[in-house]
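Shared between the two complexes below is subunit A, which pairs with subunit B and subunit C, respectively.
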Partner chain A sequence: MKRPQLPCLSPKWAPYVFLSPFLLLFLVFGVFPLVFSLYLAFQSWEPAAGLSTMKFVGLENFSFALQDEWFWKSLKNTAWLAIATGVPQHLVAIPLAVFIHGAYRRSRNAIIGIYFLPYITSTVAIAMMFTTLFSTDYGVINQGLRALGQLPGLGWLLPAQPIDWLNHAENVKPAISLVVFWRYLGFNTVLYLAALQTIPADIYEAATMDGAGRWQQFWCITLPSLRPMIYFGVMLSVIGGMQLFEEPFILTGGRGGTDQAGMTTAMYMYRTAFEFNDFGTASALSWLLFIFVALLTWLTKRAFRQAQPQGDGT
Partner chain B sequence: MPSFRVSAIAAKFLALMAILHVCSLAQAQPQTLSIAAYPAVDEIIKAAIPQWKKKHPDVEIKLVSRAFDDHHTAMSTALSTSSNLPDVMALEVSYVGRFAGGGGLEDLALAPYRIKETQARFVPFAFKQATISSGAVVAAPTDIGPGTLLYRSDLLKKAGVTEAELTQSWESFVLSGVKIKAVTGAYLMAHARDIKNILIRANIKPGDGLYFDAAGKVLVDSPRFVRAFELARKVRQQKLDGKIGAWSTEWTQGLKGGSIATQMSGAWQAGHLANWIAPNTAGQWRAAQLPEQAWAAWGGTFYSIPKAARNKALAWEFIQLMTLNREVQLNAFKGHDAFPALLEAHTDSFYEQPIVFLGGQKARLLWRDAALKINAIDVHKLDPIADEIINTELDKVLDQGKDIAVALADAKSLLERRVRR
Partner chain C sequence: MTRPEPMSRWAAHVLVGFGLLLMIAPFYFMFVFASHARSDIFSLPPPLWFGDDFLLNFAILTERIAFWRSLGWSLYVALASTALTLLFCSMGGYAFAMFEFHFKKPLFALVVGTLLLPSFLGMIPTFMIMDALGWIDQPRALYIPGAASAFGIFMMRQFISSAIPYDLVEAARMDGCGELGIYWRIVLPLLQPAMGTLGLITFIASWNNFIGPLIVMRSPEMYTLPLALRSLQSPANTEWGALMAGAAIATLPLLVLFAISSRRLIDGLTAGAVRG
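Coming up: the complex of A and B.
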């Protein structure tokens, strides 16, 4: 008796069939929003009136955004926060990773797990916790500063009044920076620790035999070997910093704080769409932000390429 | 050919069976009315379901409840794409005008709804809030938030300030704050922005909006705004505000611990204070009308029917139950401090009852009076951005010492730039 033949998948189509779940999801959740956002950037649209009410306005949304002082203010805030959070993250993460790499063997994973914990914790939980910590009258940070100020000789260094972290324009950005720095320090440390483990130990042994001290080893072996990872880490910080949204959004109650001092471009974009009902301008803002991110990424790449030693890069 | 005939007969048979199956399913499944709401409107709806079931035992209520912001974002998205729309949509007052402009909501003034026939049964300002410039009524009001001044009577007594002094005028209100601060150390209010918010809402000419007149002209440099900014600056200069945003930890602690002496808000705030913010302060708070006989509303809930809703007739019946049924309205008031928008519910003896949290004061009578004196303010689609512009300029006045005239002129030019688009 002849067995019934099962439908056979042609080898020609097999790759497409197996790829189709990803491709479909990518088309729906990746490509479509991108294309739709680009389309929206050239439209004027009252969302509550339905899709049919879109009106083509050419470059008007872009010209409005470029002349909008709030856009430039938000961009300055974003750049300030990106630098104030990004630079210290790497300056602290590299020596910290070197220290953990050298000082711990068995407990290394546990130590790094503790540093990594903030990265995997919910942003909402973190921001809520820090909102309480930053509380002017009841927050632990101000209580700590007050206690420190009472120590002999330290009183003149610390402010006499509690610091209004989240309601004073000058303090909002440092407060946000502190949270972002704390959150991503562990992530960068893990990156550098992974890179440190790839540096062959015999290079250090040879350097020791040649009489190189620890500082010379760090400066001449560790740091150059870490350069590809530094490039990767800085690139992630640039992109992440320019897209900063969750921490300032929650810490400042969604408004950006007093005088919008903590309003990032991503926040302004969100508010333009969902609070001010202007999806066209919000889409234009998103593409302008994309251009800035792309430009900064390119500049970072150039900076690292120039820093490469002669003869390298073969 | 025979094989084709057989397959055609089989196809017809299968189609018939499918239709019968669908019909039987339709008969078996009860009709569903979908409602989208947010806390605590969802609780009020749940409490009214038994009454709905008495009349419509075969119609199930499918209630989708989301957090306040999520609900309005979801409704905005649903209206923009005309998909996943509920039959009944609960809306907070600030979203009514915003959504109405889009034309995605049914005009309840038209047949078969004819809500204008029952207009006299609603609190006048609430009904006007749902009426847009074209005359269309896009929602039915269910609860309102008559403005009130809640104050700590113990702190006032300590400072030797009477209620009359506190509420006689805005200037006397600020002067009372100076005395309270000097004697008790308590702030007059949480944030100087609070006094600006109420003053820009007071004495608005009929037909004008908050930031725009009927012709769309920007009003932010009018004397109304100048006075509001000046008083807010005076409050800050005299250190009478705690620079505390509402609903923050400091705010709840301040209300609980007695470091905030007054709070201007909707009548519902007394319920929040009593239930979760500061139950420990029972008996110490009192309610008064806002200073200088300013009449204003904080919040309010409406029900509307999206144009793309599937069960409009049932939706309208449900809205009538929630908004025109005295018992349902009173239950919502008694259970959730949702002040009735239905005038018939204002005659209940519940209004005469003393409120224990307010030291036995019959404050509901005050709020009932206020409800009838509030004027509806026309909404403009740029109100949310105008609000942000004004608040940012006020921040600059309060924190950086920016001149008020310059700040308001800057606000005007920023807003005019948006209007020109």
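Coming up: the complex of A and C.
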């Protein structure tokens, strides 16, 4: 193989040369937008007349947003979705991970792979797919529910009428949560599986010798050992849930659905910017949402600290 | 570990199996529906097995949207952003891992800091920058900013500092190998496992990217695949069979990639979490 002659580069300058392509792009497309967005949140201008009409308006964009009924509605929707998708994910993922960890050896990677699959596929393809599954009269989900309802003893649990998932304001959020839950369950399960692998097996052996049952071991060893990962996983769910955009955007056709029941704050920000052409208010919205995310993160942190058992050094 | 009672164990097996079915079912229906005409999809009971209308759906698909062109753009952007990300992040990660230089610590803190900030904060300014640069409807508006991946830098730095001994670099330097030579002939070959993982993650993220193109790709002939598929959705008259065919074709490469590299992908995507 012919070796190309490489130009000489001294060790003193090398790190700057290696770093500069990344750094240049990172400063222009990573850091600058964040700073600029904060600047924009205090400005107002006519998009048609160009940036020269931009003027400083103080907190006007923020006060406008805070008095905006749709902003509060979208924030409520977002919080609802974050909780309705976040909490069940962890309640299911923890026992699932514990069981997979204990019961499967050879088929384990295949099982994890399948649970993980939704996470790596296109949100658009998935949301389109679920739109057909959610169809009121002929959708697979309603037909499945109807079939279940005909089983003896289950009928009273299930609705008699087919559910109008995507057009009825009350049902849009549960439908979105279902899709998000389906998409991220495997990701969380993998997190917990990784944490379970770090618990030394001899703790369980010692507990068994001491006569601790399966449930006792779960409550007294497994769950406390998983605590740091639960904290981390819940944090990721909170941060991710507050940013929900793609799933509700596609499932509600980009408009938030009947009565804006499926409109998240990230969606509302997008619409304020690109449908209503108000970039200043949209930037203010994005910072308000950021403040709420930070607040929730802080609350989660506090909740975990308060729930901390004594003598736990994590 | 004690074995649980057989009854509860069977129940758990059934539940795990049921979960597997729920995970696969939407994909299965996507492929099944892709082979049925619209009127068949919405019938009682729904089609449960493959039909023979796939070519018909595909014909409708190519008639409604510039399918091949969108596929081409998706592929082009995904390949370009993967190549650029791998090059820039391996170089930057190497600089962070193996060199001392001015402002190294604050710079790295800045990189990690932006990882924690929600991406929606930069959405509007990014559009304005692209507009000012004249990059609206240009594929480079997608792959050039994508190459400044904070996640990629972080991952590369972690890998290089744990897998490549500093002595090796030092020894090569003593032997008179130039700095670019050390990077190109010694570091890069050793980086292959991490490059593979980062490459896969970048490719998949770009292939699936929806918000990015939604903001910068304005004219239909520049749509990437996810945007083109979404443009088929209409309140009244969506060609669901064609849409499912398109979604299935867009998903297929991911399924293949995942089948051959699931372990590596899962480890890569959750690695930050596990180390943290």
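Brief remarks follow.
Just so it is clear, the second predicted complex is superposed on the first by the 289 of 314 C-alpha atoms of A that agree within 3 Å, B and C clash if a C-alpha of one lies under 4 Å from a C-alpha of the other, contacts with A are read in each partner's own complex, and residues count from 1 in each chain.
The definition used in the following text is that a residue touches a chain if its C-beta (ideal position, glycine included) is under 8 Å from a C-beta of that chain, and two chains touch if they have at least 3 such contacts.
Predicted model only: the values in this text are computed from it and were never measured.
In the superposed model, A:Gly253 makes contact with both subunit B and subunit C.
When both complexes are overlaid on chain A, the residue A:Asp137 reaches subunit B and subunit C alike. After overlaying the two complexes on the shared chain, residue contacts for A:Ile199 are found with neither subunit B nor subunit C.
When the two complexes are overlaid on their common chain A, residue A:Phe276 makes contact with subunit B while staying clear of subunit C. Of the two partner chains placed by superposition, only subunit C is touched by A:Leu19; subunit B is not. One of subunit B and subunit C touches more residues of subunit A, and that partner is C.
Contacts of A:Ala169 after superposition on the shared chain: subunit B is touched, whereas subunit C is not.
Shared contact residues of subunit A with subunit B and subunit C: 131-132, 135, 137-138, 253, 274.
Those residues of subunit A that touch subunit B in the shared complex are 44-51, 53, 60, 64, 69, 131-132, 135-138, 164, 167-169, 253, 255, 258-260, 271, 274-277. Across the interface of their complex, subunit A is touched by residues 1-2, 4, 9, 12-13, 16, 19-20, 22-27, 29-30, 33, 41-46, 87-89, 91-92, 94-96, 99-101, 104, 107, 110-111, 114, 117-129, 144-145, 147-148, 150, 153, 173, 178-181, 183-184, 204, 207-208, 210-211, 215, 225-226, 229-230, 233, 235, 240, 243-244, 247-248, 250-251, 254-255, 258, 262-263, 265-266, 269-270, 273-274, 276 of subunit C. By the touch criterion given at the top, residues 73, 76-77, 79-82, 98-99, 101-104, 243-245, 248-250, 253, 259, 381-382, 384-385, 388, 391-392, 395-396, 399-400, 414, 421 of subunit B touch subunit A in their complex.
Touching subunit C in their complex are the following residues of subunit A: 6-11, 14-19, 21-23, 25-26, 28-34, 36-37, 40, 96, 99-100, 102-103, 109, 111-126, 128-133, 135, 137-140, 143, 182, 185-187, 190-191, 194-195, 201, 204-205, 208, 213-214, 217, 229, 232-233, 236, 239, 242-243, 245-246, 250, 253, 266, 269-270, 273-274, 279, 282-283, 286-287, 289-290, 293.
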